[in-house]
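Presented sequentially are two complexes of chain A, the first with chain B as partner and the second with chain C.
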Partner chain A sequence: MREKVLATCLEVSPSIDFSSNELVDGGLLDSVTLVEIVTELMDVFDIEIPYEEVTPENFNSIDSMVKLVEKYV
Partner chain B sequence: MYSSIIEAVLEHGINNPDKLAIADTERSYTYGELAGVISQMAAELSALFIQPGSYVLAECTQDARFLILDMACELLGAVFVPLEKKMTEERVKTIYEETKAQCIIGETDYSQLGRYYSMESVWKQLDRFPTQAYQYTEKFSVAEILFTTGTTGKPKGIVISHHANVAIAENIQYGVRMTSETVELIPLPLSHSHGLRTCYANLLNGSAVVILDGVMNVGLFFQLIDGFHVNAIDISPTLAKLLLKIARKGLQKYAGTITYMEIGTAVLDEDTKEKLKTIFPASRLYNFYGSTEAGRSCVLDFNKTDFKGCIGYPSKNATFYIVNEDREVMESSKENPGLIAVKGSMMMDCYLNSEQLTRDTLVDGVLYTSDLGYIDEAGRVYVLGRNDDIINYKGIKIAPEEIETIAAKYDGIVDCACVPVQDVLCGQVPKLFIEISRTEEYDEKKFMDYLKNNLEQSRVPAAIEVIDKIPRSANGKLQRKKLRGEENEEKK
Partner chain C sequence: MQSLIYKIRYLTDGILSLTLSYNTFFFLIFLFVFLCIYFLLRKQKAKQIWILFGSVVFYAWSGLAALFIVLATGSIVYLAARKMGSLYVGYEKEKEGLSPKEQTVLFMDYKKKAKKYLLTAMFLILAVWIYVKAGKLLELDSVATFSEWISGRGIIVPLGISYYSLSTIGYLLDVFWRKAKPEKNILKLFTVMTYFPHIVQGPISKYDSMLKQLSDLPQYDYKRVCFGLQLMLWGYIKKMIIADRLIIYTQAVFTSPEQFAGVEIFLAVVLCTIQLYADFSGCMDIVGGISQVMGIKLADNFRQPFFSKSATEFWTRWHITLGAWTKEYIYLPIAMNPKFVKYTKQLKKNGKAWHSSFMKAFVPLIAVWLFTGLWHGTGWDYIVWGLYWCILMTVAKEAKPIGDKIISLLKINTEKPYYQIWQSVRTCMIFAIGRMFTVTGALTGCAVLWKRLFAEHRLWTLFDGSLYSHGLDQKNFYVALLGIVIMLLVDIMHEKGKSIRQSIAAQPLPIRWIIYYGAMFAIVILGMYGPGYDASSFAYGAF
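And now, the complex of A and B:
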């Protein structure tokens, strides 16, 4: 699961260092990239992520994204 | 008529002290409270030797504190100079030196550049200063200097008077038909003219502004709508697209409570426009035409009137002319467009320290733009595009947006921009730059076939080039000049 989430993120933006735990808070992800990641995760995992879950906390790291995806798979 | 935004705020503080004025995610103020905290901030700034005519550089904190600092500067007659969040030290240094600023206040440590105070420390000290009732009697001239993003060259400082700010605020207030019950959510950066002026319009009007720092926290966006009974929103096309992509259900849920939406800072593409019209059929959907130099000078409710290229009717304080290359007023039409010129009390004073540039741009109070357009018999203004951006194909004037709108709909196209390139036979032909999502799936021939099936022959790009990123400003404005620049370089 983690590898698939990471691969999805890298597909969207190969140049970002996704090992960071401050992807949003540290400014590595801007709003456009964040939205692209959200839509790609929804496509790849065939899930719907409610808009209320699009928060900096849920996208600050790959691990937090994995947790989020697992919740809706 | 008020002579400044702060004068209006102070009067609302007396007449409607319990009415909500400003809120953000951490604090909220009624007009009575706002007048009080502004007076405290003004007292603190005075203690820091800020006086009439002092330039105060303020890094945007995207919250109520930033607006309070702005209003306190107005109260003192200081000149407010907003800076983007985390602006580079190099740019801040340029602005600091050009304005001979008294100080910088913000969250990024700019202490290496000169006198610097952190917003946190300024805010913490506020309670040391008593609130006091100010009677606004001083009539200062210059309210603020707004520096352009400088992507087209050296940043220009645009000098805005209090009088112009009130006129711009009225353009918005009347343009969107604000009422006393308006509560407007603004997630746009307040360091830029669009978001800042929407705040001013509400403050002039005596209605409420709710500030949010972008839409990275989409849930919070809707929580604020709920919590403050927001009934108006000011967003950019980029933010609109983001919300449409991941929060369509949320927008649909709140559609009935939104009386109007302003979409500004950049051109709104047709696809986003249609989606918004579908989700908000009963709301007024506004697009303003204007610039930092000539604020909000034309307004269109595109839910009511949506003709191709139409930017609406001139705002309350604006007059439009169509002129030829010699700046002579001319009769215009779709077949015979000219250059747009604007006049009105919302105009800038000048460009800071640039007399020549001011003289070239503003002549007898008229701003001569590089936009090609015309005015119809009903007085509606139309824009075909920036003169530089228009593709002059065998005498036919083609707006790049016509091609970009179609190209953007193709699966796999993330973003695109069309520019004119010289052609021996046709004069100019369109060249399309595209940013794609999946390189391995992109097939240029299929894409070109799609364009040929969906565009008139004259609009089909002569060339397509895939690039990593379509250049856009921080506000989402397309920067075609950079692509034209690359073209010129290639031809050298």
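And now, the complex of A and C:
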């Protein structure tokens, strides 16, 4: 699961260092990239991520994204 | 005895007839008394109640009926937020022991119930707002009492309705999405909602942040108070020396554009852009300064917008809180809507990659810009204005690869100052062209402006003195130009990250006071208070 989430993120933006734990808070992910990651995750895992789940806590790291995806898979 | 009663009545009527707008002397007296008592109060609760009292007095000045509508709206928001909050508390209790997936399913049930409260409250807020907007569109008179309204003499327009409607809807959505906790104390919510520095023309505050600040109001601090007063002074300079001066010329041109041509129109369009900036950002400095004096940080609404390199960047620096609101509550929810995402993916799978990319960029943007246009005004001019920005941004995004190719072919160094200056000039031009849609109040007026712009050049008006015969004489033109140059220099320093207030604070005492007195005298001597002066009119106060 982790590899798949990471691969999805890298496909959206290969230049971002996804090992960071402050992807949103640290300003690495801007809103456009965040929208693209959310929509890609929905597509790849065939899930619906509600808008309220799009918070810095859920997208600050790959691990937090994995946890989020697992909730909806 | 009767004469005493008569005198008291006369005095009361006199005071009540005064205008309580940020740029009136009466407001400064109100603010002085308000702040003196504010700093005398030591307890948090007393300060909070005093802010509420001051805000209610300020608001009631615009009409008791309007105050009633605002407080009724506040009560609806409070009840809906509390109801949603209590539902979510129920969910938190029930979810214990369930797997994450079961929790998600359970939460959806609770969310459905919460949605009813959210939609009811939003419907009521929007109904009042749309009613006011429709009334303005039909050019109905604005009345102050319910009896006048019932008898059909006009509509009640609550002060700052467009601002508090957005803030309250944002707060309700935050509670619904569990991004904010519902406030338990209704008086605190009223205080934040009616807070007099932000209710008239923003900034559109996030109630969550304001509520937190209200719970931790700091005591008097000399440096903070000085900084706040300096910011207010700067705001008054921008508003009363620059904006109120420029509007004399621009209004003369835009009220009868058919009498002007060429350079006169060009100058009016450029000056009206500067006028709007000086007016609106000046007001933001005044209200930001008042809040700073009290120890409350309002959200920034301007960040040197005319130094933006693109139209997209411009809207992250101009009316920032409106842009942030539309992004958070319109753009992102649409862009991330699962059904919309599925639709665009389907297009991509069907081999329509460009179509899919266009829809992804265009649909959320058109929603944002139609809303922004209608928020500013209900006429076709504002709808076209919104479409103009939407098309511009979509084209900019879609054509970026082509633009990048041209730049590389022409070997243009985008890091060079000349290119960056060109980008800023281009942004200013884009904004000024956008202003032409709305500045005369109708699309036909905009067509006249374009027609007259190229009808004849009239360059001689710059030299034969006729430019100064439209209400703003030569001396006042020069004062306005000097003000614009100073405003530009200040913006350049801010852009370079320099704090002018810190630099002033570092000066020796006599120099500091020379600057303060200079600024105050400049406002007193050069501020516009002529016969046509209308102290109540801030450009964005009309929304």
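Operating definition for what follows: the second predicted complex is superposed on the first by the 73 of 73 C-alpha atoms of A that agree within 3 Å, B and C clash if a C-alpha of one lies under 4 Å from a C-alpha of the other, contacts with A are read in each partner's own complex, and residues count from 1 in each chain.
Just so it is clear, contacts are C-beta pairs under 8 Å (C-beta built on N, C-alpha and C of every residue); 3 or more make two chains touch, one makes a residue touch a chain.
Note that the coordinates shown come from a computational prediction; the quantities given were computed from them, not determined experimentally.
*Asks:* Once the shared chain is lined up, is A:V24 touching chain B (first), chain C (second), both, or neither of them?
*Replies:* In the superposition, A:V24 touches chain B alone.
*Asks:* Figure out whether A:E70 sits in contact with chain B (first) or chain C (second), or with both, or with neither.
*Replies:* In the superposition, A:E70 contacts chain C only.
*Asks:* Quick one: classify A:E52 as touching chain B (first), chain C (second), both or neither.
*Replies:* It touches chain B and chain C both.
*Asks:* Just chain B (first), just chain C (second), both, or neither: which does A:D43 touch?
*Replies:* Touch status of A:D43: second partner only.
*Asks:* Is A:E3 in contact with chain B, with chain C, with both, or with neither (first, second, both, neither)?
*Replies:* In the superposed model, A:E3 contacts neither chain B nor chain C.
*Asks:* Enumerate the residues of chain A that count as touching chain B in its complex and touching chain C in the other.
*Replies:* On chain A, the residues that contact chain B in one structure and chain C in the other are 31, 35, 38-39, 49-52, 54-55.
*Asks:* So in the complex, which bits of chain A are touching chain C?
*Replies:* Going through chain A, the ones touching chain C are 31, 35, 38-39, 42-43, 48-52, 54-55, 70-72.
*Asks:* Where on chain A does chain B make contact in their complex?
*Replies:* 11, 24, 27, 31-32, 34-35, 38-39, 49-56
*Asks:* In their complex, what parts of chain B are in touch with chain A?
*Replies:* Listed in rising order, the residues of chain B that touch chain A are 86, 214-220, 222, 238-239, 242, 245-247, 249-250, 438.
*Asks:* Using the touch definition up top, name the residues of chain C that touch chain A in the complex.
*Replies:* 100-101, 103-104, 111, 176-179, 327, 332-333, 335-338, 341-342, 344-345
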